[in-house]
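Sending over a structure as structure tokens; questions will come in a sec.
Note that the chains are named A, B, C, D and E in the order they appear, and that numbering of residues resets to 1 at the start of each chain.
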Amino acid sequence: EVDLTGETINIFHFGDLSGPYAFITQPIVSAVTDAVSYWNSRGGVCGAELAQIYEDTGGSREAAQSAYDRFTSTYSDELDLLLLYSSDDGELLREQLAEDEIVSYISAGSIESLYGEDGQTPGWLYASNPLYINQFGSFCQFVAASPEVFPDPVIGFVTWPNAFGRAGTEPAAREYCGGLGVEVLADPQFFLPTDTDILTQVQNAIDAGANIIYTNSLATGPALIAGTLVDLGLEEEIKLAGVNWVMDTTVGLIGQRVLKPNGLPSVDGMFGSMPFLWWTELSNPAVQFVYQQFTLNERGPAEQNIAYLLSWGVVDAIIETTLRTVNRMGSLNAVTGADIRDTVAAMDYEVLGGLYHQYFEESMRDGVLNRIAVLKFANTTMTGPAAGPEDALLIDNPAGGKLFVPIVVPLTDFMEVPQLRG
Amino acid sequence: MTESINRNKRQLTWALYILAAVALLLFMGDQLAGKKAARIVQTLISGVLVGGVYGLVALGIVVINKASGVFNFAHGWMMVVGGMIFWSFFTVSEISVAGASLLAAATMLMMLTTASYRNLLERRNLLIAAGGTVGLTALMTVGGIEWRWLHALTGTVAGAILTGLAVERFTIRPLIGQPLFTAVLMTLAVAEVLHGVTQIAWGTVELDLPIFVDPQTNSRFKPIRLDAFREALDGLAIIRVELVIAFVLALLAFVGFILFFRYTSVGLAMRATSEDQQLAQSVGLRVRVILAITWAAAAFLASIAGVLQGGAVGLSLNISFVALRVFPAVLLGGLESVTGALVGGIIIGIVEQFGTLINSSQQVGANLAPYVVLMLVLVIRPEGLFGEKRIERI
Amino acid sequence: MPVKLHVDHISLSFGGIKALNNIEFKINASEIFAIIGPNGAGKTSLINSINGFYTPQQGRIVFEDRDISHLPPYQRAKLGISRTFQNIALYTNATVLDNLMAARHIHMKTNMLAGALFWGPAQREEIAHRRRVEEIIEFLELEPIRKSVVGALSYGLRKRVELGRALALEPTLLLLDEPMAGMNVEEKEDMARYILDIHELQGTTIMLIEHDIGLVMDISHRIAVIDFGVKIGEGAPAEISRDEAVIDAYLGEGEH
Amino acid sequence: MAIRAKFQMAAANQSDVALSTTRTLSVSNVEVVYNSVILVLRGITLAVEPGKVVSLLGPNGAGKSTTLKAISGLLKAELGEVTRGQILWGDERLDGYAAEDVVRKGLVQVIEGRMLFRHLTVEENLRIGGMVYLGGRHIRDDLERVYHYFPPLAKLSRRVSGYLSGGEGQMLVIGRAMMAHPQILMLDEPSLGLAPLLVHEIFDIIGEINRQEGMSVLVVEQNARAALELADYAYVMEDGRIVLDGPAAQMRENEDIKEFYLGLNQAGGRKNYREVKHYRRRKRWLG
Amino acid sequence: MANINPAGVFDTTYEEDMLVDRTWRDKLWKNLAFLALLLVPLLSVSGPLGLKLISDQYVGMIARVAIFVIAVQGLNLLVGYTGQMSLGHAAFMAIGAYGSAILARELGFSFWTALPASALLTGLIGLVFGLPSLRVKGFYLAMATLAAQFIIPWALRYPMENLTGGARPLNVPAPIIGPFLSYADDAISNGEPLAFVAGDPYFVDVISVRLPAVNGAYPTIELVNPAGDVVPRGDVYMSVIEDESGNVIGLSYIARKAGEYRVSVRADGAATSFSAQVSRGKALSFASDIAMYYIIVPLSALMMYLARNIIRTRTGRAFISVRDNDLAAELLGINVFTYKLRAFFLSAVYAGIAGCLLAFERNSLALDMFQLDTSIEMLAMLIIGGAGFPLGAMFGVAFIRLLQEAAIPMLRPWLTDLLPQAFPFIDAVNITSAINPILFGGALIIFLALEPRGIAHRWEVFKVAWKIRPYSY
């Protein structure tokens, strides 16, 4: 391996750190910061120092564009690999990345950001998670395979109206699921993060025949739907599911303001995708490692979320990609975006030793593996999910009262997702 | 004779209203025909209850407008700040005496210097301030977590007053007598700064504000289920208790403000100030003090709204966007009218909910219906339902 | 003498307040016709009705034998009725020159597109009208403040600018609402001179509201007196100054 | 006259709150600049002795209103500022105080141009004027007083002031200023737009208050005859400077004042406006 | 403020007096400034001269400033000059942007025809939303236009989804001039591919395919990019070739990016073999940032010039009359209502042009580029710059953009290092994410408190002070 002493590997990233999605994306900065200092305290990567260069766009496209321009003109030589957070930025920059030959890692993207308007065109963005629509397809597979849990399944979308929220509501998904015997209602029911009452949306979906509600929303979104179902006394009849983000810790915490008649929080039993390992899977060394770093850096519980976990993985992927390319090209200076792209395309890599699997093909630049999991609450021994409030682990809430401890229980193994971007 | 002309005019206006309402009903009736009675009743209940909170938010905007003619774009962020302060006192078991006394002292200092910094020179004033600081600190810190309502309420009041006064002092006061637009823009700048302050102090994570909870189970109040009417309604309708509480609190705030404006001369002074700040100064009105009072009051209202909203869905920075959704309510009711704020809020609440009922896959409820209704009302009544008529005399 | 304006028994009220009650009079062409009356008598309302700002509930306004009662105000201005305002209503943030040029509006033809390009005809028209406006500026001795923003002028100067703006419309009927308020004797003399000149040189018919009785008596041909919306007298200055009712209601014993 | 009799009664009732002042208002060498570039006052010096009536005369644009605004602190909002000189109220410096504080010190200005709170009723306008005085405790009596001075206002008390006629509005602004019980009342053209009958009344009333309550008055007025009759002392301003001053009685005899401010001809009679020549002698004191 | 000529400059004719730039110095400065702007891309790092004097980021930044100057100048005409409020300007821009994109994508309009067409369309829609101004005033009017801000994007997103792609991004082809320089003619038969190379960023290959009708139907044409994928329509400039009777007989393609493309023509299910005629040529393309710059900046200057003329002639004076005193204006011969509508129309036309430019500059459109915050931000730019001043729009946009894109990013890294050390008790992430809002809001507050009437006002004062120097008054 080449010696990079005296060199600096920059990790470039920008995204919404102060806007409406900051609450989920902010821990990315924390994770990258922690990872950088971790490596540097160990003498760097092959002698090269790590550094991060980032910008806050506040979620605005104008700001993202200007941040991109600034990056590309200030670091025109070094910038070959960029970490993005949001599908919106991906959509905005797709063409420009191709023009400037810059590879971009993104945790999950919309079809348009990864594959362009036609859903096929190659680009320079690579997502570690499967496309949201593919996640939905994989959920349909799961539904179709478990008729005892989901008899006569009809899925209705109750979701946010933005690009993220409506990803998965495409006709292709409906067609695919229909083929599996799972009906998907044509009209999604939209609600906004500021809505205090979404009875109307939920009931609309139920009136239209839904017995499974699927949501692409985060934080209060899934909790609000779950609470509404309990209020209506339908928590048993109607199942709740969503994208990978609904499995996040915040959802588990916010969702316990409403208890089901059986005494467990309303979001108990919510299904979701889990295309990577989760905080609770401590048997895995990758998770162990991140957890250790998390505690070492005294990160608060709010940051124990998907973004923090995945960002450690992405940093590892960035380092690995860079090293492989450098090894091929001989020196850091010689590396171009196209070289990076060649590396990425040929990479078959267990990120961080198993957090998730990175493997792309020319026609597939998003994650291919997914598994379905369910949100549960830990039992007193922390060995598995609690069956009821009696055997649930309750910890002291600093704000008074007790808290259930959310855990994610995988229900399936990693399987290939169907390709629905069609 | 003129009386009769006026009456005719009024009748005409009413006729137009009724016509518009009938048209709306006909349109909706068609859309609603297939729905069960329970759904319609439920939508109405939701609309009214949600509208109560909208009304409360609208009230804060109206109060500022009444005193300064400024449309406050920072209201949403004042809601967030208020809610977060409440959260800090409500959920933290060990309140730091140093922090609390700092807050109390800052608040007292701001109150003392509202009219003029010269007030600091008098010993009596300093004593009052010191006493106030000690008292407030005591209220914020006495006892343990079981006193949290007291802590939170005092803390929020102090925090709101401080926020309101600081906003007025450092951003609005320098603009007395300057173009109104500039002041409106200033509120936008204030919104940005409050946004930053919230992020520094509380981060961006969603917070849980357990105020509408059953102390026994620590879970949210169970909704009232109208099981008794199940047959009649052909289905179940429920009433969410936390929204009812919020609604009642909103009503109380309204009654308070209506009385305040009716029985104190401050209301009159506010109206004068909003019309012409320079003129108000020239007749000796303490424009600075009046503005300070209003901003403090508005910040307080914003805090209540923030706490209620935060209690109902959880506290996040997104709450600031509620204020945007309330704009049509403010205008519908009339920019200067306290009653209008409530009525506007409720109407917008109902309109949103029915819009959602009819078609939520195209976001008719949140993005279309309120604005269409607003346009209709403004064309019939340019000053909103209860607003002040513009005086045109040459 | 042809009748320029016939105010034909108009009544105007505002929700119970009777501002004008069955007012009738005729103004002959090329006449200086004054209206006097105590405060709140309805003088300004009368001008507003002639000009179209108020629509009287009863009666007609006949201008040059044409009933204009139902024309919108801007069309009445096009017919040649122009005015000044008691509570100065200039375009405060524009210069004196622009105020006057804005009043040339009805005489200009340049449309938005031609104006945007500012070529050929548009520029020529602009210059032609500028020339006309400069004549007015010279006539009213506004040269030094030509390019001052109106908002920065003193009260008295604004009054003069208002007169200039009214003249820039080249009216055949000029309605003046207390044009000399806030001026000292010397300045009033100037204003009187301007008004007389306008009348003499252009034959403009002038309707004048003014509280300075001396001035009114001196320069007007005929005077109408209104009180509480009712006309209580009309006639030549000499007759009016002897009229008992007028003295009681308006002049008081001090003045004459 | 009836109004005056009533007023005297009212004034007698008010004697317990009379505010005769002992302070002198003195303006020395004041220079005012608008927009940081337009010099308007070029060093004004004048004084209002306690209990005296002083009138300030001068042609349009001389800077009379600016002088009043400089005293009352209203310049700031018009982007004007006092760049030199000082304004003393007794021995207290006034410059630097906000307008509202100046009012609270007893200096009340009636701004020219009939500035009303147009959306408020007549009575509400008056109430607002009275708020500064003793926290508004005397409002009821004071309303009575103003209605006595201006009977038309009593009838209009519930009217929205924006619809008032010009003269009615003028009564209202003066009444509003009186509500504040000023120690020194600064009037900017009080007779503007008032019918002749009322002009006399107003000046009589001002004179009465001045005598009864010892209130000083600084009046800017174009009706020089009325102003000089009332005043003890008069200043003439031109182009931002004081060009002539003296006791009112003396001023009345000044030939130039006679011609340009009183409109008297050589014989002492009133000139006819029709006879004003096109080219006539223009008097300016400036060199 | 008095308009003062420098000492020694006298107007002898009205023409002279009416000039915007009275002295040759004024004129020289203005022209030099414009020239300097035109030089920026040439001197930039990726400029064709390879001079590398100016960072590339400024090319994009100036272009964006220039686009927003147009939109904000439109707003200035409405808000600053006519005194009508609008909170719907971003939505008007959306109409210009989507209108031109749809015209180009669906109807084969070129940029040059789509620009005026979409501007006109925006103007007409602006007119509709200006109707309430007949009765509604002030903030109420602002809110009536707020309705536009919600209703227009709603309409674009839902009812018109099949044209606009709804919430999905929409690709827009780059503008070209040409094709000219035809140099070859080929023929290809059923299904057979033909390669062509789009290379140079400024002069691109254009191919036109003329099709014979096969069994009454026209064959389909596909353009396949270097990676072997079919290029969607938005990615290429595509114009329709029609015969005399208006039938589509062919399409002409220009790929936006360099590379070897293949064209194939297929007649679905047609057994008949046929051959289509292909001609190739060169066209001037504006796909690159630098080329777009030379459309945007001069157009922006032109729009400023036109606005300047409008406000100093009849229409503009009528606008000002309406703003300063609508009642008096009506009484003095100005039909206030129609002038309000004209202002709405004009202002929307400006917004439409800006929107169209934005669409073609970005190549990709999304509805969330045109949300309420953009409308509000434009108002902020206007007020900061000075509403009702000819240069207000320019100052305002430049100020805000420089603050956001240059000043804050410059301070930011420094503060992200410094602040967490200074305040160790605050979470560093919280500090870094609060920097942008606090710096931006704080700068606005300080600015507004110091100069409430906008930069242009200060500029005017400065000009007077400069002209009367060395005297201060």
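By our rule, contacts are C-beta pairs under 8 Å (C-beta built on N, C-alpha and C of every residue); 3 or more make two chains touch, one makes a residue touch a chain.
On a predicted model such as this, the values are computed, not experimentally measured, just so you know.
**Q** Please identify which chain has its centre, taken as the mean of its CA atoms, farthest from the centre of subunit C.
**A** A
**Q** Looking at C-alpha means, what's the farthest chain from subunit D?
**A** A
**Q** Rounded to a whole Å, what is the gap between the Cα centroids of subunit B and subunit E?
**A** Those two chain centres are 37 Å apart.
**Q** Approximately how many whole Å separate the CA-defined centres of subunit A and subunit D?
**A** Going by mean C-alpha positions, subunit A sits 74 Å from subunit D.
**Q** Find every residue in subunit D that makes contact with two or more other chains and list them.
**A** Those would be 35, 38, 163.
**Q** Would you mind listing the residues of subunit C that make contact with two or more other chains?
**A** If we look for residues of subunit C contacting two or more partner chains, we find 14, 53, 85, 87, 89, 152.
**Q** Two or more other chains touching the same residue: where does that happen in subunit B?
**A** Where subunit B meets two or more other chains at a single residue, that happens at 178, 195-196, 199, 203-204, 363, 394.
**Q** Residues of subunit C touching subunit B in their complex?
**A** Answer in residue numbers: 13-16, 48, 53, 57, 85, 87, 89.
**Q** Write out the stretch or stretches of subunit E touching subunit D in their complex.
**A** Listed in rising order, the residues of subunit E that touch subunit D are 1-2, 461, 464-465, 468, 472-473.
**Q** Going by the contact rule set out above, which residues of subunit D touch subunit B in the complex?
**A** Counting only subunit D, the residues touching subunit B are 72-74, 76-77, 98-101, 103-104, 108-109, 111, 115, 117-120, 124, 127-129, 131-132, 136, 160, 162-163, 176-177, 180.
**Q** Given the complex with subunit B, which residues does subunit A contribute to the contact?
**A** Counting only subunit A, the residues touching subunit B are 17-18, 20, 22-23, 26, 161, 187-197, 199-201, 203-204, 207, 219-220, 223-224, 227, 231-233, 250, 253-254, 256-259, 302-303, 397-402.
**Q** Can you name the residues of subunit E that touch subunit A in the complex?
**A** Those residues of subunit E that touch subunit A are 45, 55-58, 60-61, 64, 165, 167-171, 225, 227, 229-232, 234-235, 257, 362-364, 366, 368-369, 373-374, 404-405, 409, 412-413, 427-429, 432-437.
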